[in-house]
Amino acid sequence: MPEELNVGLVGCGFMGKAHSNAWLNTGKFFNLPIQPGMKAICALPEDEDALRRMAENWGWEGYVTDYKELVTREDIDLVDVATPNNTHAEISIAAAEAGKNVSCEKPLAMNVAEAKEMLQAVKEAGVRHMVWFNYRRVPAVALARRLIDEGRIGKIYHFRAQYLQDWIMDPEFPLVWRLRKEVGGSGAHGDLNAHITDLARYLVGEIDEVVGMSETFIKERPLEAEAVGLTATAGEKRGQVTVDDTVLFLARFENGAVGSFEGTRFGAGRKNGERFEINGEKGTLAFDFERMNELEFFSREDPEGLQGFKTILATEPGHPYMEAYWPPGHLIGYEHTFVSQAADLVKGIAEGTELKPDFEDGLRNQEVLDAVLKSCEERAWIKVGE
Amino acid sequence: MPEELNVGLVGCGFMGKAHSNAWLNTGKFFNLPIQPGMKAICALPEDEDALRRMAENWGWEGYVTDYKELVTREDIDLVDVATPNNTHAEISIAAAEAGKNVSCEKPLAMNVAEAKEMLQAVKEAGVRHMVWFNYRRVPAVALARRLIDEGRIGKIYHFRAQYLQDWIMDPEFPLVWRLRKEVGGSGAHGDLNAHITDLARYLVGEIDEVVGMSETFIKERPLEAEAVGLTATAGEKRGQVTVDDTVLFLARFENGAVGSFEGTRFGAGRKNGERFEINGEKGTLAFDFERMNELEFFSREDPEGLQGFKTILATEPGHPYMEAYWPPGHLIGYEHTFVSQAADLVKGIAEGTELKPDFEDGLRNQEVLDAVLKSCEERAWIKVGE
Amino acid sequence: MPEELNVGLVGCGFMGKAHSNAWLNTGKFFNLPIQPGMKAICALPEDEDALRRMAENWGWEGYVTDYKELVTREDIDLVDVATPNNTHAEISIAAAEAGKNVSCEKPLAMNVAEAKEMLQAVKEAGVRHMVWFNYRRVPAVALARRLIDEGRIGKIYHFRAQYLQDWIMDPEFPLVWRLRKEVGGSGAHGDLNAHITDLARYLVGEIDEVVGMSETFIKERPLEAEAVGLTATAGEKRGQVTVDDTVLFLARFENGAVGSFEGTRFGAGRKNGERFEINGEKGTLAFDFERMNELEFFSREDPEGLQGFKTILATEPGHPYMEAYWPPGHLIGYEHTFVSQAADLVKGIAEGTELKPDFEDGLRNQEVLDAVLKSCEERAWIKVGE
Amino acid sequence: MPEELNVGLVGCGFMGKAHSNAWLNTGKFFNLPIQPGMKAICALPEDEDALRRMAENWGWEGYVTDYKELVTREDIDLVDVATPNNTHAEISIAAAEAGKNVSCEKPLAMNVAEAKEMLQAVKEAGVRHMVWFNYRRVPAVALARRLIDEGRIGKIYHFRAQYLQDWIMDPEFPLVWRLRKEVGGSGAHGDLNAHITDLARYLVGEIDEVVGMSETFIKERPLEAEAVGLTATAGEKRGQVTVDDTVLFLARFENGAVGSFEGTRFGAGRKNGERFEINGEKGTLAFDFERMNELEFFSREDPEGLQGFKTILATEPGHPYMEAYWPPGHLIGYEHTFVSQAADLVKGIAEGTELKPDFEDGLRNQEVLDAVLKSCEERAWIKVGE
């Protein structure tokens, strides 16, 4: 076993903060076999000021402005990729080729072709790999998986998931990178459907075929100030939104279950409304991230007259991950999904045990996402992975 | 067994409507041994117009404007008292003395002395008697009682109840009869605390001692138009509010449980918020009338990691009263508590079986209410029934 | 204006009970211009015993065992059709041809062809017509429509509805008429999706195109005792389930909104889980029949920092239909949707005003349902009404 | 302004962990004028192993086993007291006398006498002081205070709070320090009622008089292993529980509002159920810590027909403290109340601005708690502070 796991993080935005916090705190809460070292953080030269502040703030030993330098440094064991989607492949592959373990934000890639290259790269390099589908680490979600594995809802008939947000509903919200296809790849689809597709695969199984529809409600938006130049008045120049605002799709799983998926950024009032409901022959599980400490469970095996939806407050020591944190009823939050996943990542690398979800999962996820986009274009059912 | 049960209803206000609906429909939903006959409805001469309309509308065979006439009619088997509180005793006693069965709205009386006279009257006359504490007939509440009887929450530690309404919060709301002591007896106390005290006795047991406090937030209100006379401008003349707006009390039950009670008409936004929570050694039951089809149940006997508050939608055929109504998930409403209680009343009289809650319960209830008022005055703990 | 409206009801099952209750009580709660008369109830000769009991119980003046007799009786003004789906057309058309007004249970017909004939029949006869999509009369749902009409959620982006039940999940549940195509037409689709499709049209507008999928999870079930004959052991003989257990579909509305629909009888724990959420540019509305007295409303126009989902307890006098019933917070139930719709029906016929939803709506609804079934078969997007 | 704020923490239990996490992370999330230094952590010599691990884990520069050493160290600016209740006074006074700023866990003291000494000590020393009533820093709670200050619920009529836990319901749960009067002072009262009393003072105002009741449901419990000695069989020897399991009290506030309080460790299923509801003339606010990111708000000023309880998800940048954390809908947890309070503490000391709640608040709180205990003993209403 290595004595420590030195991390080099690429990215200094929202995800850079979430990952920095995870690396700082994971060893405090979890009893890890080795400690992660916060070696260096990396971003583009134009972000150097923000980068320096983030490095200082979170306690990174240093920072660099060229990921190529980072991935080849001797003192780095894991390259953690938390950049916009269009750079995941390039950085991850470079890291793998430099012999580094890689953990990459979701969605893994811009498309299946990229994802395949990435998977091949980590396999050939023999390095460990993981994708930050962080919601698997919500204790209530991991508990849902445990209950399914124990057979508590039996054969699954229905998976029904929505991921609803509303942060771009104002037509004057600017054309940020997440709304430009060349950077984000897709809109709500890769951002939100990627997550619920991962949960579907985690909780139900592989998806066989899909049919979908896509819509962009606001087709033009103001360019961002930096894109326009300093002299431009805010909102004066507009650009085309080149990604979807929402994608919905129906699915058939390999095991016979049927699925309904919907990701949107136009769900007024839903701030991070990632929700699923799974109906099986023996019961139902339901979850809403906005009440992330709770899992709803209905069991048809409860005595007649005593059946009902039970709200399990997933904060007991026996619930997944919770022993590390606080006493029952003392809730955890969004950031702890990263803290817990970082712990799993450290343990997996240190002990050579399974890392899930990995790039294989990232590829399978991408295959579903791409099939849906193809279905939207061709207005037809599409087999996943073909 | 008698062949029918002819009812004479006294009262043509809100409760008159609720009772009329119950008498009309109870035999449609429930399979009754005998049918209730809607013989006559009675109110004061000054209400004759409203009375005639109510009689015609709900299908009463006739109406009278003197309760003394009603209670002595040969063709009446049951006198149903749904008048303001200060007339309960007079009418009920007259009915009993005329040999009629009596069902009386809650609170049974203005005070313990009246309640005792009423109980004595029905006992001496050998007639059947019941009090309309209708919330015992909410299926979810009756289910709570069943679960307690089955030992599912074990020994009870806590009873905690509130009955919150907000209909008189506007200081310009007029001085209706419910706000005048000589008619209503008390305010929120007799109106709302009477109900939760009944539920406490039904679900937990007898109350041993109490300490309470009372408050009237709005001390003067506009007189009602009819009280002022036709020439008065609305709101011009004001009168003293002589009842409480809220009464809170703590209690010790004979079985060692502790209790907290609160009735108020100043619970902004709570329209009919009758709520209780009961914590026992094995679990908890919780109820809120504003979601009256639901009972919350937590069992400490559920497997570890699977414990949680279960929302039982009490609409299954096996749940109390529900076989009479609609399929699961097809909710019932407020009025059905009266329809169900009327069915129990008819069956109890026809078959000579127990009628609960009866005047004995009404008296016990009154003893608690009076002890609380005495405690408010004397600022001391008061033994119930002394 | 006619002096009364005499009703002949066809059907003595679950819907027969719901309609009988509505006709008995609608005039008690609502101030109607004319009173409905409960003239006769009708069912098949083999159901005569049940029919007689139902007639006596609910106060129908008489009963007949041949609908042809009913529809031609001089003393009947309205034929109310509450029979299995495969008889709606025949009875409704006969009634119309006899010059009777017709109200018919949903779905209007077995298919578009039948629905067109029915619409043509009532139009040619010049009689009034209505379809019992009763959920439009839930006060919270009618309130949702009012808020939309007032522009409170602005342009609509998303309609998302599920109608989840679980009453046939047991594989030993028998092959009742609702599971046989020749009687029910379809399964969850015509039963449940018919309702949410009606709500979609009521609340959002016309649907332009759809793509759907269908599944039958349990493909064989025990025949019902009467179908098997008296000597057969329960469950011994099995028959093919010829309808869907679930149908899901995506939709594009004419106004640009996107929709997601799902009806299933395999939603474990959902008893009558008819739910919708509508996201518009200014806000969101959400509803779940299992809490039918509540409407959720989020407004993006609320002050910043004070936005949130508001639970409107739709029991105020100003809320649709509620003035007829009880004070605020005193809930109503499932049956009141029929009581209220009956009141609208009586008023509409008496005063010659609009009746909605009518057979035109029934036909439009059927066009959507048929397009979905065609889409399931052809695995393609289908234009509605082509 | 000082250049840094060096902290010495006393205590290495549950609160030691909560405080360590706060000191580590507060400067990462909040933009602080100076950084807190994690100088030393302190506990009793017998806990040295646990102490060393905690120091290493959370990054304390060192540890000491004598608080007297800690409080006199030159390099310590703030002594943070997170020990059992019976040592708060001794340590805080010593720290003040050594010229250190002091932050102390709640309840401030064992009784009013101690609290007065402590307040006097910090005043005489001229040092800054704060009490860790951490729930004031729940964003939803701070938002409640803001809405009250803005007059949104108007004059307050009712404060109603419960703090329900269930961790000692098993009669075999051992006699830990919190159940022994000489260490804990009281049971649920000082532990739980202290918090809701603080919230009452924070949100409503000063309490004038109280009447209470106390109960210990389980009167004997197994001694803890260490107390019994190594040879004792677990559960063999039992000791007296010398504190309350529950205390309930009624209160009258100086501003005329009435209050109801209840703390219990026998609320089966309630893990950290700290709940309050405040009814004012214009509206209501309600909170439950088990859904700590949510505040319920009802406004009587909303348009008629659109009134209802609004669930404000208090995770917007404009909500108290939230700008420091994550985007809307990305929940925070229990620990963030300490992280936020630590930030306020650092800022207050650095900038010389108000620190709330301070020892004055701690004393006022203690006066209420003591008055309640006296009321329980004397079975009478007791004036607070007399």
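Per-chain numbering from 1; labels A, B, C and D assigned in written order.
Please note the rule applied: contacts are C-beta pairs under 8 Å (C-beta built on N, C-alpha and C of every residue); 3 or more make two chains touch, one makes a residue touch a chain.
From a predicted model like this one, the values you see are computed outputs, not experimental measurements.
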Most widely separated chain from chain A, with each centre as the mean of CA atoms: B
Contact-richer chain pair [B-D vs A-B]: B-D
Whole-Å separation of chain centres (CA-atom averages), chain B against chain D: 41
Between chain A and chain D, centroid-to-centroid distance (C-alpha), Å: 36
Interchain centroid distance [CA atoms averaged], chain A/chain B, Å: 55
Where chain D touches two or more other chains, by residue: 270, 307-309, 313
Chain C residues touching chain A - in the complex, by the definition given at the top: 153, 157-158, 160, 162, 164, 166, 169, 211-213, 215, 217, 246, 248-250, 252, 256, 258, 260, 262, 264, 266-270, 277, 279-284, 298, 300, 307-309, 379-381
Residues of chain D that touch chain A when the two form their complex: 14, 18, 20-21, 24-25, 27-28, 57-58, 165, 167, 270-273, 289-293, 313, 315, 325-336
Residues of chain C touching chain D in the complex: 143, 147, 295, 297, 302, 304-313, 316, 318-319
